[in-house]
Amino acid sequence: MWLRTSCNLTFDITVPTPFVLMLRPRSGAQQWIAMEEYKIIPSVPVFEFTDNYGNLCQRLIAPPGPFAVITSAVVQTADYVDQAPGAAFIEIQNLPDTVLSYLLPSRYCEADRFSQMATAITAGRLLGYDQVSAITEWLRTTIRFEPYRSDALVSAIEVNARGWGVCRDFSHLGIAMCRSLSIPSRMVVGYLHGLEPMDLHAWFEAYIGGRWYAFDATQEQMRGGYVAIGYGRDAADVAVYNQFGPALYPNTQHVRVELIHNEDRTDHAAL
Amino acid sequence: MWLRTSCNLTFDITVPTPFVLMLRPRSGAQQWIAMEEYKIIPSVPVFEFTDNYGNLCQRLIAPPGPFAVITSAVVQTADYVDQAPGAAFIEIQNLPDTVLSYLLPSRYCEADRFSQMATAITAGRLLGYDQVSAITEWLRTTIRFEPYRSDALVSAIEVNARGWGVCRDFSHLGIAMCRSLSIPSRMVVGYLHGLEPMDLHAWFEAYIGGRWYAFDATQEQMRGGYVAIGYGRDAADVAVYNQFGPALYPNTQHVRVELIHNEDRTDHAAL
Amino acid sequence: MWLRTSCNLTFDITVPTPFVLMLRPRSGAQQWIAMEEYKIIPSVPVFEFTDNYGNLCQRLIAPPGPFAVITSAVVQTADYVDQAPGAAFIEIQNLPDTVLSYLLPSRYCEADRFSQMATAITAGRLLGYDQVSAITEWLRTTIRFEPYRSDALVSAIEVNARGWGVCRDFSHLGIAMCRSLSIPSRMVVGYLHGLEPMDLHAWFEAYIGGRWYAFDATQEQMRGGYVAIGYGRDAADVAVYNQFGPALYPNTQHVRVELIHNEDRTDHAAL
Amino acid sequence: MWLRTSCNLTFDITVPTPFVLMLRPRSGAQQWIAMEEYKIIPSVPVFEFTDNYGNLCQRLIAPPGPFAVITSAVVQTADYVDQAPGAAFIEIQNLPDTVLSYLLPSRYCEADRFSQMATAITAGRLLGYDQVSAITEWLRTTIRFEPYRSDALVSAIEVNARGWGVCRDFSHLGIAMCRSLSIPSRMVVGYLHGLEPMDLHAWFEAYIGGRWYAFDATQEQMRGGYVAIGYGRDAADVAVYNQFGPALYPNTQHVRVELIHNEDRTDHAAL
């Protein structure tokens, strides 16, 4: 399917503030970016670099006053997310070198503390995809999804203790449990068509049967319409905006994801 | 200055043909991509990866029949290209590790054969920027620029022997001479506002005084309006389209670079 | 100074167990490896790769039975660790791209929770080196160094709460505070000549004034004789052995660091 | 088999001379370095980095006077080199991203000029391994191996024209032909047990059937005992010593490769 995504952020800046933004989705195996717009208002010098995870990051200094980041994209993404019940657990010795670091615990995913719990939740399941399905199902039925509730960044242990969370929290807890079972797992931030309420979204991927599969415990069932912006070990790696200092929240954060209908498609993406 | 660039290629494909395209300029220290469009007609799966030089490359298989690649971008680039007469030669032991490979000879830049010639051309010049200026001046006044002449890919030795060339040839010869003097040098392909005749362009950069400086021996004098698409050791690394097989030329190749005037700017780039 | 280091580990393996080892120190700006030995007993296939932080890692499957890893090296390292009181804090916008990730919180360094405490401890100090000195001094005088005490892997928050720790814990707490002040900081594991009791060691580095400086709050004062084996965000990244599964501890872990005297040096390192 | 390799170089240096050395073999899928020694006489600061191809490179400045580089290693390598007649050509669209650059022409392998010749030599062969076998066989029977003959660095075109070469030349011509058939191919420098006359050696690898296979047209038949020191596109990338300036040849270059017999093995490698 073809989607038009947009994320507009506005800030009130009091002192010159360095930002690292991560708002440029990349074309890759799962999605194709046919059009992309990225405006910074007021215009300031921006330096882009690629981080350790392959994400395109934008560095700039926001000057005092109103400051806006206006981005949009036309993206082709899959109609259905790949699912593979029965896909096999990959023994550690057979994992690609580049995947090993997704087995390690990270700031918000204390994998080293979830071994017992993850083993219990996945008892009796085939090793691999079915274990991650069991974890996802457990999250969906056990942790209360409270997308409207204001929320500081907390870790998997804290999420598990309080029993509720936003999309990011579901991912952290899912990732922590996967890694504790030696299944590499990583966080994705991006867009989801039809998300309610509409906002930036987070889900997670697990490396099974030789590739990454997406899982999203906040949704009744996986459907198509996902657009990835960034990948990382957890939320620490994939902050959409990071101003490294006292927390600075946007005044406004408008996110939209629209389906581009066939008749309109030629204008945007020339099919 | 703000530019709107576009490059449209059309091919007649007879058998399914793998392509690697390099047509997505990246935001970086020298330029900011505020809008970008990339259409493939007919639409086929495209996989993007980053090569050794940091270029974004697009892999696809072109199906038989007419095949088009339509790209455009809105880019902010410098009004004037930085120049630094007197900037110092960097001793090899002080070069960053990542720059060392740009001292080596490459397919079209046989640096190992130009030491004597480059030494003669730069005799009496300060080591560093002024040597590269002398080389550029020598190229401009010695090699005939024949942008319309059809041309197979030839190396610096061949360009020097025949005495004429297209932009790519000027770069290869300039690069070969710089490297023979232990000045790291690399090739850039991209756009140049006001280029006559308008087409994709090539120029080169030399690492002097701790950074890369651009040189372009095909122009009377360096002015602003350059937009880089790709960097590499020579033309072998920065083919805008590479179909790895019997040469396949585009039916049409339309390149445009337009200045975006102040009054229009807000629509595109929100200044 | 020239040192001979060795680390010998023995395990009792019950089922075939995948290992990732990190026991091959690399030559670099700070140290030169003139001789290195690495034995695996029994001999099994070993695959080496370089991780995200530049560390050389060895992958293998340990077969059931006694299993030993025997490593040693002859290393030239600095007689004195560089110190630079007054060295300046680098504004975030001026940090190299590759250093930015060392500002982020990580598994055992919850930098996002230490801002207030680090600000208090460094009150009145010049920004930069002197802040890290104040943190190191605070650690040395506030946290009890208990190198003999058995210890699970705990995070900076937990170390701060309990008030004592091993070398790794001192590093985690120091790193968390540095990062909370926007000073990039990373963990190092390796050897230290004269360490009491002798064992593998951990310290941390902070990026100040354009380079990394070492700090070690477990020692009365910084002296020479450090040999780095691995670098990372925290202990999760620099496990000397990682078998990804139920914790498996070595039966024996023998670490030695000997000074090579002048008269012996020619045999080893040909000075 | 277990081998002890050594390469000792001595130079007479007249002015301080920057060197980049590539003399540290790496452990990997094909070989395990159980012991390694690397002496620089006189001792000078050495900085090691990893180049684009994963090779460990040593940078230093050689002071005026006699200068020696003394290296040795104990290496476990395969008794037999893998061969795979019939292994399939990999279509370009299915090659890993990281392998694509080994299809491009390079300084000494003008792949863009060998298409016709390589097609003729491999006529009637199965695509893939058997094509490379045909090329290797053609080299062995057509190009005269003259290992003692002094020799400047020349390219595949020049080697083909003159009809004789050293090991490096055989590799360049083989690589150029493989790439012209869209088979990724790269150069390897290293040691070969039993080579006559003993010296550093060069061979090439081709990517077929999903992995790299070694080919060596200078030998009657492939046998075991290869130890790789460096990989690259051609000799420009894998110079064992590179002093970037007027050619500076070693006074002496002693290379040895000895089989370590079973009874001695325990001392070195603890089997």
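Note that the chains take the letters A, B, C and D in the order they are written out, and that residue 1 is the start of every chain.
The rule is short, and it goes like this: a contact is a pair of C-beta atoms (placed from the backbone, for glycine too) under 8 Å apart; a residue touches a chain by one contact, two chains touch by 3 or more.
Predicted model only: the values in this text are computed from it and were never measured.
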For the two copies subunit B and subunit A, is the contact made of the same residues on each side, with over half of the numbers shared, or of different residues?
same
Going by residue numbers, if over half of the contact pairs line up, that's a repeat, so tell me which of A-C, B-D or A-B repeats C-D.
A-B
Greatest Cα-centre separation from subunit A belongs to chain D
Where subunit A and subunit C are represented by their mean Cα positions, the distance between them in whole Å:
31
Taking each chain's centre as the mean of its CA atoms, subunit A sits from subunit D at a distance in Å of 43
Can you check how far apart subunit A and subunit B are, centre to centre, with Cα atoms defining each centre and the answer in Å?
35
Two-or-more-chain contact residues of subunit C, please, as numbers and ranges.
49
What chain pairs are in touch here?
A-B, A-C, B-D, C-D
For subunit B, which residues are in contact with subunit A within the complex?
24, 26-29, 32-43, 45-50, 54, 56, 58, 68, 70, 76, 269-271
Contacting residues of subunit A [partner subunit C, same complex]:
18, 20, 49, 51-52, 57, 59-61, 91-93, 97, 100-101, 103-107, 109-110, 112, 115, 153, 182, 236-237, 244-246
